[in-house]
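Take a look at the structures listed below.
Shared between the two complexes below is chain A, which has chain B as its partner in the first and chain C in the second.
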Partner chain A sequence: MDSALIPEGAKRCPLPKFSIGIAIVSAVLLWGVYAMFLCWFKGLNQTNMNDYYGFALWIWADLAVIAVGGGAFFTGLLKYIFKIDELKNIINFAVIIGFICYSSALLILAIDIGQPLRGWFIFWHANVHSMLTEVAFCLSAYFAVLTIEFIPNILENRQANKVPFFHHLAHNMHGVMAIFAATGAFLSFFHQGSLGGVAGVMYGRPFAVREGLLVWPWTFFLFTWSAAAYGPCFTLLVTKTTEAITGKKLVKDNVIHLLAKISGWMIVTYIIAKIIDTAYWAMVTAPSLGFNLSHFYTDNSFYGYWMLITEIVICGVVPGAILITKSTRENPKLRLVAIILGTIGVCLNRWVMVLQIMAVPVMSFDTWALYIPSWQEIATTVLPVAYGVILIAFAYRYLPVFPQEQELNQVKPVTE
Partner chain B sequence: MVQENHNSAYKFGMVIDLDKCTGCGSCMVSCMAENNVPFKEDETNKKDSITWMRVYKLTNDKPFPDTEVVYMPRPCQQCGGKGDHGHSPCVSVCPAVATDYGYDTGIVSQIYTRCFGCRYCMGACPYHARYFNWWDPKWPEGMEKYLSPNVSPRMRGVVEKCSFCYHRYQAARDKAYAHGNKDHIKEEDYQTACTTACPAGAIVFGDLNNPAHEVHQIVKPDPHPDPRNKHVAGKSRNPKIFRLLERLGTNPKVYYLSEREWVRKQGDNYLEGEWEKIKNHHGKASHG
Partner chain C sequence: MFPFSFEWVWDMGHMVFFGGFWYAIGILSAGMTYCIVKAVLNTMNDSGESH
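Entry: the complex of A and B
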C-alpha cells in the first residue's frame, strides 16, 4: 500500500503489521502525552518532587538522553572532520538517534519548568554566569544543527527525491555537512560540558562540587568526555536492537567494530580521568569541607558504595576493557554486554550527578531525602522513548537510513 | 556601587541567640503573615510546605538526664558567596537572573515574575531555604483581605524565599529619604518581622557594617578573609558565634550564638578529631 514510499529495493513488513506496532507504541505515547498535559495544566504538584528534590527524574532523563545522544556529534566529528569514511554507514542513524534524544530533552525541559510560558526568559534574561544558560543556548543551537543534519536523509525519501529541488538540496547539504558536523561538535562540547558544570559549580553541595580549570569544574570536561565515549555505545545498542527487530543485518561488522573500538578507548581514557577525579574529590575536596567519603554512601537505604562500584568498575572499566580488546570486541555477545553496560554506566553517572546530590544531607542535623517518582513523571519520561521508537520505525521504513542494507540483504538466487 | 565586600554599603544581617530561643515558632508565624506565605490545609509534609523561616530542633544525642535540645530558626542565610563577592550559591546559578545579590544591602532578592521555575537555585542552596510553589496559593475565605499589600503573593511554579522583609527596608529607606538623610537608615526603622515578633529577643537584626548597630557589636565581623579558608569572609570574632556551613564559603549573613559547644559544633561538618583543633580558632581575629 505504501510501497511507493519505501526505499527502492528494500524489503519492509506489510503495512498492517507495521501499523499495529505503531498503534501499540502510540498508546504508550498517548499515556505520556496525557501526563504531560496534566503537568502543564495542573502544575508540578503532579510530581513527587519536593523542596529537597527540585531536580529529579526529569533532569536525570534530560542528562541521560543528552549523554547517550552524544553518539551523533562524536560520530559526525569522526566522519566529517577526522575523515573516518567507514562511519558513513552509520552516521545517518547516529544523527536520527541524536535528533530524537535532543528533541526529547527539550520536551522534558518544557514540562519540567514551573512556568512553561516563561521558558524563553532563559534566553531573554540570560545570566552569563549560569551553566544552565549555556546549556539552553548550546542545546537549542545543536538541536537546530541536528535538524539540518537530518534533513538530507528525509529528502532522500523515494518520492521526495523525485523533486529536483529536494534532490539537489539533499546533495548539496551533504556536501557542506562537514561545517555542520564541526559546529555540532563545538556546540556539543559546551552543552555536554555545561550539563556537567551544572553539578560541579554547586559549591553548597559537597557531593557535587569540583575544582577545575578557570570557570569550568572538572565535571564539565568529564561530561563531554563521557558523552563522546558512551554515546557511540548507545548508537551501537540501538542499531543492534533495530537489527534484531527487523531481522536484518543493517551495518557491516567492520563499521561496528571500528565504532566499538573508538568507543572503548574513549571509555578507558574517560574512566581513568573519572577515577582520578573521584579519588581527588574523596581524598582532598570533600575532607576539606568536613566530609568523609562514607558520609555520601552510608546511613541511608539506597545510596551505597555499590553505586560507585557499579558506575565506575562494572559499567566503566569492564565495557572499556571488552571494547579495546580485539577478541572480545569482535565477539558479538561480549560486545553486546559491553555496549549495554556502557549505556547503563553513563545513565547511572547522570543519576548520581542529579539525584544523589539532592539526597545527601549537607547540614549536620539534616537527614537523607529519598524520592520515588510519581506515575506522571514516569509516563512523561517514557514518552520520549515511545516517540523515539515511532520516529525510528518511520525513518527505517521510509528513508534510506542504512546505506549497506541492500548489499547485506540481497536475495540469493536459487541455484540448483 | 561597591562590589568588593561592599564595605561602605549596608550589609544587613542577623544574629540569633540559640540559648534564648524557646522554639515557640512566633518568628515563623509572623514571617508567614508578614510576607503572605501560602499554606496548605495539610502541612504535615515539610518537604513541600513553604516556611521562609523554619525552626529546626537539634539535640545533643545524649540519653536522659543529659539530653539537651536547642531550636534553630533558619531564614534565608543571604549568602555573600565565596569571598563575599556576591556570587551566592543560588544567584550564580539562576539562568534568568530571577534572583540577584544586592550589593547595596547584601540581601539576595527573588523576582517572582522573572522566575520560570527551573529550581536550580533550590538544588544549589545547602540550607533548603528556597521553596517552590507546587500549588497556586489558596487563602481561606475572607483571609485575602488580611494579606499584606506590601508584598506580592506568588503564583504557582515559581521559587520564593525569605527576603529579610525587603519591603520594610524600602519603607525605611523612604522614611530616611523623607527626612533628608537618605544614606542613613536608622536601626530601629528597619527590623524584620521575625526579629520584632520574637518574644525572647533572640534575634538581633541590623547593619553588619555599622559599628553602632547591635548586630555588629555582638558579631564583631572580621573584615579580613579567614587565613584558614580564603573563601570565608566576615567571620565572627566572638568565640560563641558561628555560621551554618561556614566552611563551604557561602558566607551567610545569619549568625548564631550559643554558649554550648555541642550546639556550635552542629553548625558545620567536621572530620574525626577536627573539631578539637578548629574550635580553638573560633572567634579569633585573623589579623591582630
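Entry: the complex of A and C
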C-alpha cells in the first residue's frame, strides 16, 4: 500500500505488521503524553520533587539523552571536519539518533519548567551569569543544526526527491554540511561542557564541586569528553538493535570497527582523566572542605562504593579496554557488551552528577535524602523512548538511512 | 534579547552570551538561505547537478 514511499530496492515488512508495531509503541507514548498533560494542567505537584530534589529524574534523563546523543556531533565532526569518509555510511543514522535525543531533551525541559508557554523567557530575560542559560542557548541552536542535518535525508525520500526543488535543496545542503557540522561541534562543546560545569560550580555541594581552568571546573571538560566518547557507543548500540529487529545487516563491519575503535580510545583517555579527577577530589578537594570520601558512600541504603566502581571500572575501564584491543573489538559479542556497558556508564555518571549530589547530606544535622520518582515522572521519562522508537521506525521504513543496506542484503537469484 | 531591549547591558556577560548565540544563529540562517536561494535558481534554470 505504501510501497511507492519505500526506498527503491529496499525490502520492508507489510504495512499491517508495521502498523501493529507502531500501535503498540504508541500506547506507551500516549501514557507518557497523559502524564505530561497532568504535569502541565495540575502542576509540578504531580512529581516527587521537593526542596532536596529540584533536579530530579527528568534532569537525569535530560543529561543522559544529551550525553548519548553526543554521537551525532562527534560522528559529524569526524566525517565532515576530519574527513573520515567511511563514516558516511552511519552518519545519517547518527543524526537521526541525535535529533531524537535533543528533541527529547527539549520536550523534557518543556515539562520540567511547568509553564512551557514561558519557555522563551530564557532567551529574552536571560541570566547571563548562569551556565544553564548557555545550555539553553546551545541546546536550542544545536537542535536547529540537527534538524538541518536531518532535512536532506527526509528530502531524499523516493517521492520527495522527485520534486526538483527538494532534490536541489538536498544536494545543496549536502554541499555546505561541513559548515553546519562545525557549528554543531562548537555548540555541543559548550552545552555538554556547561551541563558538567553546573555541577562543578556548586560550592555548597562538596560531592560535586571541583577546581578547574579559569571559569570552567574540570567537570566542564569531562562532560564534553564523555559525551564524545560514549555517544558513538549509543549510536552503535541503536544500530545493532535496529539490525536485530529488522533481521538485516545495515552497516559494514569496517565502519562499525572504525567507530568502535575511535570510541574506545576516547573512553580510555576520558577514563584516565576521570580517575585523576576523582582521586584529586577524594584526596584534596573534599578533605579541604571537611569531608572524607566515606561520607559520600556510606550510611545509606543505596549509594555505596559499588556505584563508583561500576561507573569507573566496570562501565569505563572495561569497555575502553575491549574497544581498543583489535581482537576483542572485532568479536561481535564482546563489542556488544562493551557498547552496552559504555552506554550504561555515561548514564550512571549523569545520575551520580545529578541525583547523588542531591542525596548526600551537607550540614551536620542533615541525613541522606533518597528519592523515588512518581509514576508521572517515570511515564514522561519513558515518553521520549517511545517517540524515538516510532521516529526510527518511520525513518528506516521510508528514508534511505543506510547507504550500504542494498549491497549487504542482495537477494541471491535462485539456481535450478 | 537584543541590544535595543531595555534589559540589555553592555557588559562582558551579555556580549559573550548573545554574541555567541547570534553568531551561531547567523551562520545557520546564512547557510540555509544560501541553500534555498541556490535551489530556487537551480530549479528555475534546471541546471543543477544531479545528486
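Everything below uses one rule, namely that the second predicted complex is superposed on the first by the 413 of 416 C-alpha atoms of A that agree within 3 Å, B and C clash if a C-alpha of one lies under 4 Å from a C-alpha of the other, contacts with A are read in each partner's own complex, and residues count from 1 in each chain.
Everything below uses one rule, namely that contacts are C-beta pairs under 8 Å (C-beta built on N, C-alpha and C of every residue); 3 or more make two chains touch, one makes a residue touch a chain.
Note that this is a predicted model, so its numbers are computed, not measured.
Touch criterion not met for A:Thr298: it reaches neither chain B nor chain C. In the superposition on chain A, A:Ser3 contacts neither chain B nor chain C. Of the two partners chain B and chain C, it is B that touches the larger number of chain A residues. Once the two complexes are laid over each other on the shared chain, residue contacts for A:Asn172 go to chain C alone; chain B is not touched. Residue contacts after overlaying the shared chain place A:Gly204 against chain B, while chain C stays out of touching range.
Using the contact criterion defined above for the overlaid structures, shared-chain residue A:Tyr52 touches chain B, although it does not reach chain C. Applying the stated contact rule after C-alpha superposition, one finds that A:Thr183 touches chain C and leaves chain B untouched. Shared-chain residue A:Val145: touches chain C; no touch with chain B.
By the touch criterion defined above, A:Asn254 reaches neither chain B nor chain C. Legend: residue contacts after superposition of the two complexes on their common chain; A:Gly290 is shown touching chain B, with no touch to chain C. The contact surfaces that chain B and chain C form on chain A in the two complexes overlap at residues 124-126, 129, 133. For chain C in complex with chain A, the residues that touch the partner chain are 1, 5, 7, 11, 13-14, 16-18, 20-21, 24-25, 27-28, 31-32, 34-36, 38-40, 42-43, 46, 48-49, 51. Taken in their complex, chain A has these residues touching chain B: 43-45, 49-55, 112-116, 118-119, 121-122, 124-127, 129-133, 136, 198, 201-206, 287-292, 295, 357-358, 362-366, 369. For chain A in complex with chain C, the residues that touch the partner chain are 123-126, 128-129, 133-134, 137-138, 141, 144-145, 148, 164-165, 167-176, 179-180, 183, 186-187, 190. Interface of chain B with chain A (complex): residues 45, 47-48, 56, 58, 72, 82, 87, 89, 92-98, 114-120, 122-128, 130-136, 155-159, 244-245, 247-250, 265-272, 274.
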